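Presented sequentially are two complexes of chain A, the first with chain B as partner and the second with chain C.
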Partner chain A sequence: MSRTTILETIQRTLIEILDNNSLKICEQTRADDVADWDSLNHVRLLISLEPTFNIRFEPEETTDVKNVGELIDLIQKKLR
Partner chain B sequence: MFINKSHLKYSMMSQYSIIQEAVLRFWPEHASTLSKAQPTSAEKKLLQDEISGLILTLTGNDLERHVEGYRWMCRMVLEEEMVFRRTGRYRLASFAETDRLVYSDAALMSKYMDGLLLSQILWSNHLEMLDYYINDFLGTGTDVKSHLEVGPGHGLLLYLAGRVIAGQLTAWDISTTSIKHTRSALVALGASADIRLAQQNIFDDSSNAERFDSVVISEVLEHLEQPQAALLALKKRMSRGGRIFINAPVNSPAIDHIFLYRSPEELVDMVSASGFEIESVRFAPASGYTEARARKNCVSISCGVIAKCP
Partner chain C sequence: MAPARTSLPWLPAPPADFLAQCKSLITNAEPPGPVIQYLASHRLQSIEHAVLSRAIRKARATERALSPLSSFRLGVLSNSTFDLIADYLPAAAARHGVALDVVSTPYDQAIQQALDPNSTINTGELDGCLIAVDHRWLKIDRTYLDANPIERVESAIDQLRLIVKSISTKSGIPTILQLIPTPPYSLFGNYEGQVAGTIRAMLGVANEQILSLARETGSYILDVRALAEGIGTDQWFDPSQWVSYKFPFSSECFPIYADYLGRLLGTIRGKARKCLVLDLDNTIWGGAIGDEGVTGIVLAQGNPKGEAFRSVQSAALELRGRGIILAVCSKNHDEVARTPFREHPEMILKEDHIAAFQANWNDKAYNLKVIAQQLNIGLDSLVLLDDNPAEREFVRRSLPMVAVPELPNDPSWFVWYLNNAGYFEAVTYSNEDQKRAGFYAADAQRNAELVKTADLADYLDVLEMEMSAASFDLQGRQRITQLINKTNQFNLTTRRYTETEVAIMESEETTFTLQIRLKDKFGDLGMVGILICKRQDDPTIWEIDTWLMSCRVLGRKVEEAMLTHLVRSARKNGITKLIGFYIPTCKNSMVESHYGNLGFNKIEALAEAGTCWSLVVDDFADKPLPIRIIDSQSSSIV
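What follows is the complex of A and B.
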């Protein structure tokens, strides 16, 4: 699956979770750059992405990624 | 006025800042979370600082250890949140299982108690419940002749009660370890020596027992399989016209939470159904959330209820 497709899915899911229709993210975006993207909403994001990609995140992965690009890396690794 | 403002006025550095700095030194990434938990009113900032002072008395030279416990607790809550979001339930459902996996693990409980203590001023919902307890429940406390707290834990609520209630103070816990912990905290805080701490189960026979006109059960109900039975048992131990302070969280996963309240109303209805008359309620969402957003997204809300025993 392409990085662009994964990025679009993450953005769509985040828009829903954060209730923010104007949200735009890129691979360099960090959670700190986005209002309300706190640790709890990050968990909500990961759990929402699990059925979409048919993957499962581990607890330690809730804090492992530094930006969206690293989250895409993680998802791609799990999809292999 | 409950808070000693003159003392705070002359402090060189706020008591809260000392704790905040210790947390951020060990965990800089937590800065944005802490900033969202900051109280906005001057009254609450004063309360936060006053409670921070008490906490610093309790942590003594072990503030760093408490910070480690706090970080561990925050991580544990996130792990439990993953389970909660996947399944819609808390991980554990029975007291026996929680006792085996959590309460019997002394090292884990020590970290947990340390973390919980700091969360009283680092999490806005916990600070809000302290404000509700102090101002709306304790008030002047002049009419209270006998006060009971069930599960006094870190001892802060019991200590605060002792500052305004002239009557007899009693606290019960089923764990002797917890009682020892509370006793040490009360000694460190300089509380009155005649507070009675006893190993006592609220479900024990109460036919000839004394009655209390002020009862506190804070962050206990969510640890029980049948919280309503606990409320009914407590009601039997209360004087007519006595008041009870109840604090329990909804949608708040943690390793030892087994009873899931899905809305603040579930708790309030349970209190009413147990025969209490609701005097007031206060709902405090997790730091950074409005009540509406917390309700919509099933995020933790601390729920305080003050009720009367008719």
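What follows is the complex of A and C.
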């Protein structure tokens, strides 16, 4: 799956979770850059992405993720 | 391979513009209630649940009426991360007729919240409180081989009891207790159950005690144990999500957990379905009766398909046994459709099990309306079981309030789909329920009598009715609560009360209560009416807080007999005036002129729509009635 497709899915999901239709993210976006992207909403994002991509994140795996680009790396790795 | 209940397979897929529809709910001119319920009745993914739940929260905040949804504010005490589960709850509750507001409390504060009179739970004006704790909170999360395991279980249950009783005393709201599933872990393998200190053995005891605690305190049960068993505890428990997020169970199970809770809340609010409507061809037998004839349809034992269809019939008959009405809706010639019921030796369902039989060439939406009318129940009380996807889709579009489960091709799974969709939940079960299906058969006989006598007054005399009136008491409490929460049409104020509140009214000095039972020569109709009057500051006035009647006894002058008895009781209690209200809902227009018909004078229209009425007791004159009134308290005929 292409990075753009994954990025778009993450963005679509975040728009719904944060209830923010104008939200725009890129690979460099960090959670701290986005209003309301707190730890609880981060878990919401992860458990919404899991069934979408049919993957499961493991403990610790996501704690090292620093920005959206690294989250895409992780998802791509799991899809392989 | 079994379908996964975690994905709610009995629900249809959501429309493509689902998210957009959720968002336009608030801005639409259309009343939001029916749209919310329609949107909720689909197979939703996690994000869809969250978006719909948020839309419901916003709709609640606008204070627009959300009818037909009933409001419920639920407090939650939990020992795990519940916020993410809470995302699913309003959407799932709307599926079952409830506009839910979830009031979360801080993590792992169950006892503090229960004991503190100023806590969110005790001051939040809630309608109920869910105690969502698991084996970890009960400290039954490892094997205890040294200490006395039973004592350990009992002290855990004592903690629960403390919470339930404290909430009940401080806020008067009912609690919902969960049964506890056993994790897929064993220390002794096959011998596990024989050792008293194992998790499995201790939870076995704990669950029994939770059930008795519920009986003792009038709490409701959310059977998480049965849910987890159905899914499989391997899938239910997710050790990874527990260590990472403190989820009490796997996030894949959030939607079905939410649905189970939604069913329970819906049932508490009187929204459980009442009638199973069966299609015939390829739903309760194999093949088309019109083409194959009685000898051609597939229904034999020993034939896999035949047995599958027989299992559908058995399940329907079991439902009838606990009071669910059965009806038939089929595109067929009436006579042809009835033949298997009369002649096929392997039919489990017989003609007299079916309270309404609509076999003709009209469309199914029309026939369902006729069935609802004949049985005098709402369309939202119906479930249609139909193997034909086109018919299902047609009925869902025309009558979105009728529940129509998806069905797979293989009829062996029909019962699983019907059963797991959870349409026919119960929070009480009384002898009266058992008899209910029979009541409908007696109704058919009464109708025949009416046709014979043709004159209504004669007909009522012929019925030889006997109405008994008594104050609320322990024996009647369950049925009283059931009527208060289920009656929608003949209900002047539609005020709902929990069993605890009903119990309080039994001894409240300022409250006058009546439970009304009716008998006639065709049988006992059971409890059919409720009256609650509250004495006002002026001690010579009763305000009629609640007046409701079962629709089964409409047109029999029962309301007149009730008023006659009420006036007599008022005189005995020194009451000179009765005040009554009509508060309109989308279902009770039939009683709009109830008080006017009974001779009350309209005092004023209410600000919220609705009317206020009064009757001077001395102005009331007894009229001859076709009903003998028995005052059950004094056992005298008055």
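Operating definition for what follows: the second predicted complex is superposed on the first by the 79 of 80 C-alpha atoms of A that agree within 3 Å, B and C clash if a C-alpha of one lies under 4 Å from a C-alpha of the other, contacts with A are read in each partner's own complex, and residues count from 1 in each chain.
The criterion applied here is as follows: a residue touches a chain if its C-beta (ideal position, glycine included) is under 8 Å from a C-beta of that chain, and two chains touch if they have at least 3 such contacts.
Nothing here was measured: the structure is a model prediction, and the numbers come from that model.
Undergrad: Where does A:32 make contact in the superposed view: on chain B (first), on chain C (second), on both, or on neither?
TA: A:32 sits against chain B, while chain C stays out of touch.
Undergrad: May I ask you to decide whether A:13 touches chain B, chain C, both, or neither, giving the answer as first, second, both or neither?
TA: It touches chain C, and chain B stays clear.
Undergrad: According to the stated criteria, A:59 is in contact with first (chain B), second (chain C), both, or neither; which is it?
TA: both
Undergrad: Would you sort A:40 into first (chain B), second (chain C), both or neither based on which partner it touches?
TA: After superposing on A, A:40 lies in contact with both chain B and chain C.
Undergrad: Name the residues of chain A shared by its contacts with chain B and its contacts with chain C.
TA: Looking at chain A, the two contact sets intersect at 17, 19, 40, 43-44, 47, 50, 57, 59.
Undergrad: For chain C, which residues are in contact with chain A within the complex?
TA: Touch residues, chain C against chain A: 19, 45-47, 50-51, 54, 81, 83-84, 87, 240, 243-245, 251-252.
Undergrad: Name, in rising order, each residue of chain B that touches chain A in their complex.
TA: 32-33, 36, 74-75, 78-79, 81-82, 85-86, 286, 288, 293, 297, 299
Undergrad: Please output the residues of chain A touching chain C within their complex, sorted ascending.
TA: Those in contact with chain C are residues 13, 16-17, 19, 40, 43-44, 47-48, 50-52, 56-59.
Undergrad: Which bits of chain A are touching chain B when the two form their complex?
TA: 17, 19, 32, 36, 38-40, 43-44, 46-47, 50, 57, 59, 62-63
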